[in-house]
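Two complexes are shown next, each including chain A; its partner changes from chain B in the first to chain C in the second.
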Partner chain A sequence: MKPFTYERATSVADAAKASADPSVRLLAGGTNLLDLMKLQIETPARIVDIGRLPLKDITETPDGGLRIGALATSTAIASDPVVRARYPLIARALLSGASVQLRNKATAAGNLMQRTRCAYFYDTTKPCNRRIPGSGCSAIGGHSRADGILGTSAACIAVHPSDLAVALTALDAHVETTNGQGTVRTLPVADLHRLPGASPHLETDLAPGQIITAITVPPAPPGEQIFRKVRDRASFAFALISVAASGPRYALGGVAMKPWRASASEAVLAAGGDVDEAVAAELSQARGHGHGEYKIPLAKRLLGAVIRQSRGDAA
Partner chain B sequence: MTSFPTGSDIIAENRGGLIGKAVDRVDGWSKVTGQARYSAEIDEAGKPLYGVIATAPIGKGVITSIDATAAEASPGVVLVLTHRNAPAQAPFGAPGEGTNPMMTAKPVLDSPEIRAFATPVALVVADSFENARAGAALIAATYQTTGAAFGFEDHLADAALSPSPTAKVEAGDFEAAFAAAPVQLDETYATPAHNHTQMEPHATLAVWEGENLTVYTSIQGLKGARQSIAWTLQIPKERVRVVSRFIGGGFGGKAHVAADSILAAIAAQRLGRPVKVAMTRAQMFHLSTHRSASRQRIRLGAGKDGVITALSHDGVLHSARYYDFTENVSGLTRALYTVDNMATRHDLVRLDSPMACAVRAPGGAVGTMAIEAAMDELAHRLGIDPVELRIRNEPKVGEGGRAFSSRSLVECLREGASRFGWAQRNPVPGAVRDGRYRIGMGVGSAIWHTLLFPARAAIVLHADGTATVRQAMTDIGTGTYTILAQIAATALGVRTADIHVEIGDSDFPAAPGSGGSFGAATSGSAVLDAAMNLRKAAAELAVGDMGGPLFGGDPAEAVFAEGSILIGNQAVRLTDLVSRLSPGGIVAEGRLEVPKDYWGKTRNAHGANFAEVAVDTLTGEVRLRRMLGVFAAGRILNEKMARSQALGGMIWGVGAALTEENHFDPRYGSFVAQDLAGYHMPAHADIVNLEAVFLPEDGDDNPMGIKGVGELGICGAGAAVANAVFNACGVRVRDYPLTVEKVLQGLG
Partner chain C sequence: MRKESAVSATSDLCVHGLAGLHVGGGPALTQVIDIELIVNGRLTSLSLDPRVTLLDALREHLNLTGTKKGCDQGQCGACTVLVNGMRINSCLSLAAMHDGQAITTIEGIAPGENELHHIQAAFIERDAFQCGYCTPGQIVSAVAMLDELAAGQPSQAAEDLSAAPVLTDAELRERMSGNLCRCSAYPHIFAAIRDVAGA
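What follows is the complex of A and B.
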C-alpha cells in the first residue's frame, strides 16, 4: 500500500469536486477499495471519506417508486420494509452476495462501482489491460472459470461482479448523479458500465467529478420478481451466472462487464415468440473462453427457466 | 499385546472420570479473549522492527539486476536484504543431523536463482509494517526467465517412478488375477492441487541475545524447526530456541521452516533488534507448501459376488523439481482392501513449482477420493449395496499377514448405515426428487495410520497441589493443551484446572510435534509416563515420611484421588506432602519409546462417512444436505475435541469433493487463486446437519489405547459426497471437484 492522505468530505459538492482529480478515490464502505489499495491496484494519493455524507436514506417517491441513497448499506436496503414488500428482487440479490459483515459496510453506489473479481486483475504480476492499459489480457488463454460470454473483447473478458446491478437492471432503475457544479444527471443502471472494447480501463460512463448520489427505482411492473444465482458454494461466492426477472423484464449477471438486460429475449416474447426462441435471441451471439465455455449452456438453461417461471409456465 | 510401561491401568480405571469426557479447551478462554498471543502478536522483547518479503513475479529464471535504492530511501526503512547482502547459508536441503526434510536447510536470499514463482528476492525492514510494505513495493529487479515446466496436465508424459521407498509395492500377481477376474473395473480419477489456507499465516518474531537466537514462530514441530534454522544459519542448535505457544492451524503447512523464520533471524542479527516477519494471505499460496495434483488409475478385479481378487491403485503426482515429495495415494488403499494380488505405484511429474508437501491426511485424503469412488462404481456395476460390498471385502489380516491391533470398520459401516437411514436409499440413480432437486446418498470408508514416535516430558508437582507439565510439543488447534491436562490430572488424581500445561518451547523435553495424527498418542504417552514416575516419587516420599499418615505403607498400593494420596484408609493431601517434604516441588521425567515389535501389527483407525446431497439438475449445483461420520479410533480422550477433529476433517472432504481446487497457470507457474475469494473452501452455509460419532474400541497402540483422529474424518468423506451425487442424478464425475460445469456436462 502506498502512503496517502485522508480527509472527510464535508458536502456532496466537495466530494464531487475532489473526485475530479484522478489521484483521488472516494471511500464509502471500503470493502473493495481497501483490498485493491493493499495490492497496489489502486494507488490513490488522497482518500476522501464520504461515509458520513447524508446519502443513506431510503425513501418512497411520489410516483410510487423508491429512492435509495448512494450510501445506504446492503443490510439497510435488504431489510427495508418497502424493499422487502415491493422489491423483493433487490433484497434477494443483495442477500445472495458477500457476508453479513461486508453487507453491513458495503454501500449501494459502492456495489455498482466495484471492480471486477477476475483473478488476473488481482494478480499484479500478470498483464491486465484493465489494470495497465495495453499490457495484455491474461484471462484470455488462462485458467479462469469466471470469464464473460457477452460483450467481451480481445482486450478483456472479465465480468462485473455485482448482483445488485443485475436486479436493478431488470427493474429499470437509474442512478442519479451530481457534479461539483450541482448538475444532476440520471442514467439507467444498464448504461452505467461500459463494455471493454479496446479500452477496458474505462469502466463507467461517469465523467470526472460526477458521483452517484442515489439509485431510483420506478414502480415494479406486475408479475413475479425472481432472482436466481448459480455459484460454487451456498454463500460467499460471486455469481457464475445469475438471472433476474421483474415481470416481463429480464437481466443476466456473470456474463459481461455490465449487468446484461435481456432486451432481445424480451422483444421475442413481446412479439409472441416462445421461450426457446427468446433465449436463443439473447445468447446466440455468446462466446465462451476455454474454461468458461460452460457458461453458455448454463445461461441458456437458467434464463429459460426463469422466463418460464415468471410467465407461470410449468418448469 | 504390545507392552508399554505403566500407566495403561490408570487410564483404563479413569478414576476421576476425565478420560473421554467432553472437557472444554483449557486454552479456550485465553483464545476468545485475545490473551493467547500468536507469533505475529508477540511483543516479549519490546517494540520490534517489521520485515516485509518482496517476491519474484516469475516462475523460473535468475535475477539479472536488483535495485534497492528506492526501497532503502523509503520512509522508515532501515534495512533491505537481497541475495547480494544476505549472509552465507547452508544450501537448500542440505542435511544437518539427518535427512528428515523438516530438519534440513531452507536458505532464503541465498542466490539469484528463481526456482519457483514468488521466490523471495528481498526483505524490507522498517519501523512499521506499513513502511516496510511500502518499501517492499519499491524493489526494482529484472529477471531472465529460463525454460520451465509449470503445468501438471501438460507434462503427464514426463512422469517417472518416484524415488520414495514405497513408490512401488506389489503382492501376488496382480496382472494375472485382474485378467482372470470375471468383473473388471478400470477408471482414472483426478484431483487438483490444494492449499492449506490456515487461518493464521506464517509469522515470526526473531530475537537475538548475544549469540543466542529465539524464534517465535508458527510451526508444528519445534525440534525439527530448531535444527533446520540452526543448520540453515550454520550455528550450533544449542544457540537456537524455538517458541510456538499458539498456532492458528497447521495441517502440514507448518511442518517446514518457512522464509519468515530465516529472514527474521537474519535481519534481527544484522540490526541488533527484534524483527517480525509475517506473510500475506496471497504469499501463503506460494511460500507455503501445497498438496500435489493427482491422476489416479484404479483397477479392480472382482467376482460376481463383489469380492475383489486383484487391486491396483497407481498415482501420478506433481512434485517441485528441487524437492521430492510423493503423495502416497495408495498406501491406505492397500490397508483398506488387503487382497492377495495388489500392485500400486507412484510416478512424479517434476514441475518448476513451489514445494508440494503434506496437507491434512497426505495420501489418504485424495487416495480415498479415488478408491472409495471406484468401490461405488463396482457396487453399482454389480448391483450390490455399497455398504455390503465393503463388508464383503473386509480383510481378515493386514498387509504382509500382520494382525490388526484393532479394526472396527464393519461396525462403523453398520452403525452408520443404521443411524443415517441408509436402508431408505434408492439404489437407482436419479430416482429421488425433492422439488427441483434430485437427492442421493453415498458412503465412503475412512482409514488413517496409527503412528507412534519417541517423546519425552517432565512434570513438576508444586507445593500448592498443582502440577506443571512441560514438553516441546505444539497445539495446532487440535486440543493438545487440554488432553495433556486430562492425562496428567487423571494420573495425579487432581482437577484439570490444577494442571498447567507448558508446551511450545524447544527448551522443554523433546517431542516430535503435531502431524500425522500421532500427537496425542506420542506426546500424551510421554506425559503419562512422567506422571506415573511422579506418582512413584510422591508415594515413596509419603511412605517414608515418619509421622506422616502413610508412613510404612506399600507405595504400590497408593491411590491418587481428589488431590490426595490414599493407602488403605489413610490419606495425605498432596499440598501437605509437597509443602512439608519437598517445598520446591517434586520433579519427574517421562519418556515413550516405541516398542521393537510395534510394527509387527497393522495399526490404523477406521470409519465410515455417509453423505446426502441435493443436485439442482437445472444448474448442476450440488449442495450437502446432511452428513454422518462414524469412527472407531481406540479410546477417545476427549469427546468434544475428537468430534471437532472429525467434523473438521469431514468438512475438508466436502470441500475437496465440491469446491476446492487450485491450478498452476502453465504460462506463468503461479497459482490462479491467491485469495480466499477465489480459493473456495466450504462456507458455513454449505455445512449443514453434520454429525460425528465414535464407537468404543480397545487397542494396544500406545499406553492409553488411543488412536489419532485429526486426519481420519477427511478420508472417505470426499468420495461419500461424490458417490451421493451419482446416486442423486446418475452423473459420475471422476475429475474433482464436482463444480457445476462438470455436473452439467453429465446431465446433458
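What follows is the complex of A and C.
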C-alpha cells in the first residue's frame, strides 16, 4: 500500500465533506478498498474510516417498506427477520455472495460502491480505461468470459459485480444520499451506476462529496421473489449471470456495468406477449465480445426460466 | 503491555515486502497510530503505521503467528480471526479499524491453558489436516460457524430463510466455504466439525 493518513470520521457531514477531496477514500468494511490499495489500484493519501458512524440500523418505514443503513453489514441484513420474511430476494442475493467472513464486514453501501472484478482492472501491467483513462481496454479481444454483454462500449466491457444491486433494482429500491451541507437526495439504485460510454472511469452519478447514507426499499409487490445466480462454483463466486424477480419486475446481473432492469421484457409481458418474446426483447442487442458469447444464451435461458417461475408457468 | 516503535513498524513492513516502499532510506512515515486491542483477553497497546493490517499486527507485532497469511486477499480464510466474536478475514482489515475491540485468535480459542477447544480436539481425532497451514483458520471459522448456527443466522443453503437453520451437509459445506484447503482435507475437516456439531 502507498502511505496514507488514517482518521476516524466523527459525523456523517464530516465524512461527506472529506470525501469531496479526490485524494480521500472513505473506509467502511474495507473488503474491496483494502484489496485495491494493496495492489496500488487505489492510492488514497487520506483514509477516513466511517465504520463507526451510526448508519447501521435496519428499520421498517411508515409506508410498509424498509430502510437499510449504509453501514449495515451483509450478515446483519441477511439475518434481519423482516428482510428474511418480506424481502427474501435481498437475503438470497446477499447470501449467494462472498463468504461469511467477508459478509461480516462488508456493508450495504460498500456493496453498491464496489469496483468491477474485470481481470484487467486488477492487472496493473495491462491497459484499462477504467483504471487509467485513455490507456485502452484489454478485455476487448482478451480473456473476457466474465465481462459484459449489454451496455458495453468500445472503451470498457466490464460488469458490476454486486448481487445486492440486482435484487434492489428488481425491488425498485433507492439510495439516500447526503453531502457536507446536509442536502438529502435520493436516486434509484438502477440509476446509481453509469454505463461506461467513453468515460468508464466515471462510475456513479454521485457528485463529489455526496455519500450514501441508506437504502430505502418500497413495499414489495405481490408475487414471488426469486434470485438465481449462475457461477463457476457452488459458493463464494461472482455471478456469471444472475436474475432477480420481484413479482412482475425483473433485473439481470453479470451483464453490464450496472444492475440491468429488464424493462423491455416487462413491457412485452405487460402487453400480453409471451416469455420468449419478452426475453428476446431484452437480449436482442447483447454482444459477447468473443469469450463472453456463451453469456447470451445463458442469460436468455435464465431470464426465461425465472419469468416462468415467477408467473407460475411450468418450466 | 507491549509497545512497538515506529522504526520497527517500518522495518517489519519492509522485511515482508508488503509496502516495498521504505527499503534503503525511502520517504519517512507520515503517521504512526496508537491503538489498543484486547487480544485473547489481554489488553495490548500498539503504535503502528496505518497500513498495518490486523493480520500483520497479530503476526509481526504481537508474535501471534498461529493466524496464517495465505492469499492476503480475503479469498482463502487462513487469516480468520474473531472480532467481538464474529469471524473476519484479518488480512482485509487495518489494525487501526479495530482500536478497542476484542480479537480472538487460534492461540486464544481454547477454554484454558492445558485444554483444547472441542473443535481443536476433533481436528486431531479426525486427522483433519495435511500440511496444516489452513488449519487455524478452519478451526476459528468452525467455532464461529457453530455460534452463527445457534444464533439462527441463515445461509444460501436454506430452503426456508425464516426457519431455524439445521446443519445439513449442504449447510455445513456452504457455511465453511470461506476456508480453502489446498491439500483438500475437506472430508476429515467435515467429519471433525460434524463430530462436535452432532449429526
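FYI, the second predicted complex is superposed on the first by the 315 of 315 C-alpha atoms of A that agree within 3 Å, B and C clash if a C-alpha of one lies under 4 Å from a C-alpha of the other, contacts with A are read in each partner's own complex, and residues count from 1 in each chain.
Everything below uses one rule, namely that a residue touches a chain if its C-beta (ideal position, glycine included) is under 8 Å from a C-beta of that chain, and two chains touch if they have at least 3 such contacts.
If you're wondering where the values come from, they're calculated on a predicted model, not measured in any experiment.
Q: Just chain B (first), just chain C (second), both, or neither: which does A:236 touch?
A: Both partners, chain B and chain C.
Q: Which partner does A:30 contact after superposing on A: first (chain B), second (chain C), both, neither?
A: In the superposition, A:30 touches chain C alone.
Q: With both complexes superposed on chain A, which partner does A:95 reach: first (chain B), second (chain C), both or neither?
A: In the superposition, A:95 touches chain C alone.
Q: Would you check which partner chain A:280 touches, where first means chain B only, second means chain C only, and both and neither mean what they say?
A: neither
Q: Thinking of the overlay built on chain A, is A:20 touched by chain B (first), by chain C (second), by both, or by neither?
A: Neither: A:20 stays clear of chain B and chain C.
Q: One more residue to check, A:1. First (chain B), second (chain C), both or neither?
A: both
Q: Chain A residues touched by both chain B and chain C?
A: After superposing on chain A, chain A residues 1-3, 234-236 contact both chain B and chain C.
Q: Can you tell me which positions in chain B touch chain A when the two form their complex?
A: Residues of chain B touching chain A: 57-58, 75, 130, 133-134, 137, 282, 436, 618-621, 623, 658-659, 663, 665-668, 670, 672-675, 677-678, 680, 682-686, 739-741, 744-745.
Q: Note which residues of chain C are touching chain A in the complex, please.
A: The contact residues of chain C facing chain A are 18-19, 21, 27, 29-31, 33, 49-51, 53, 72-74, 77, 80, 86-89, 92-94, 96-97, 141, 144-145, 148, 151-156, 161-162, 173-175, 177-179.
Q: What residues of chain A sit close enough to touch chain B in their complex?
A: The contact residues of chain A facing chain B are 1-3, 39-40, 117, 119, 122-123, 125-126, 138, 141-145, 228, 230-238, 240-241, 291, 293-294, 297-298, 301-302, 305, 315.
Q: Under the stated contact criterion, what part of chain A meets chain C in this complex?
A: 1-6, 27, 30-31, 34-35, 38, 47, 49, 51, 75, 78-79, 81, 84-85, 88, 91-92, 95-96, 98-102, 104-105, 234-236
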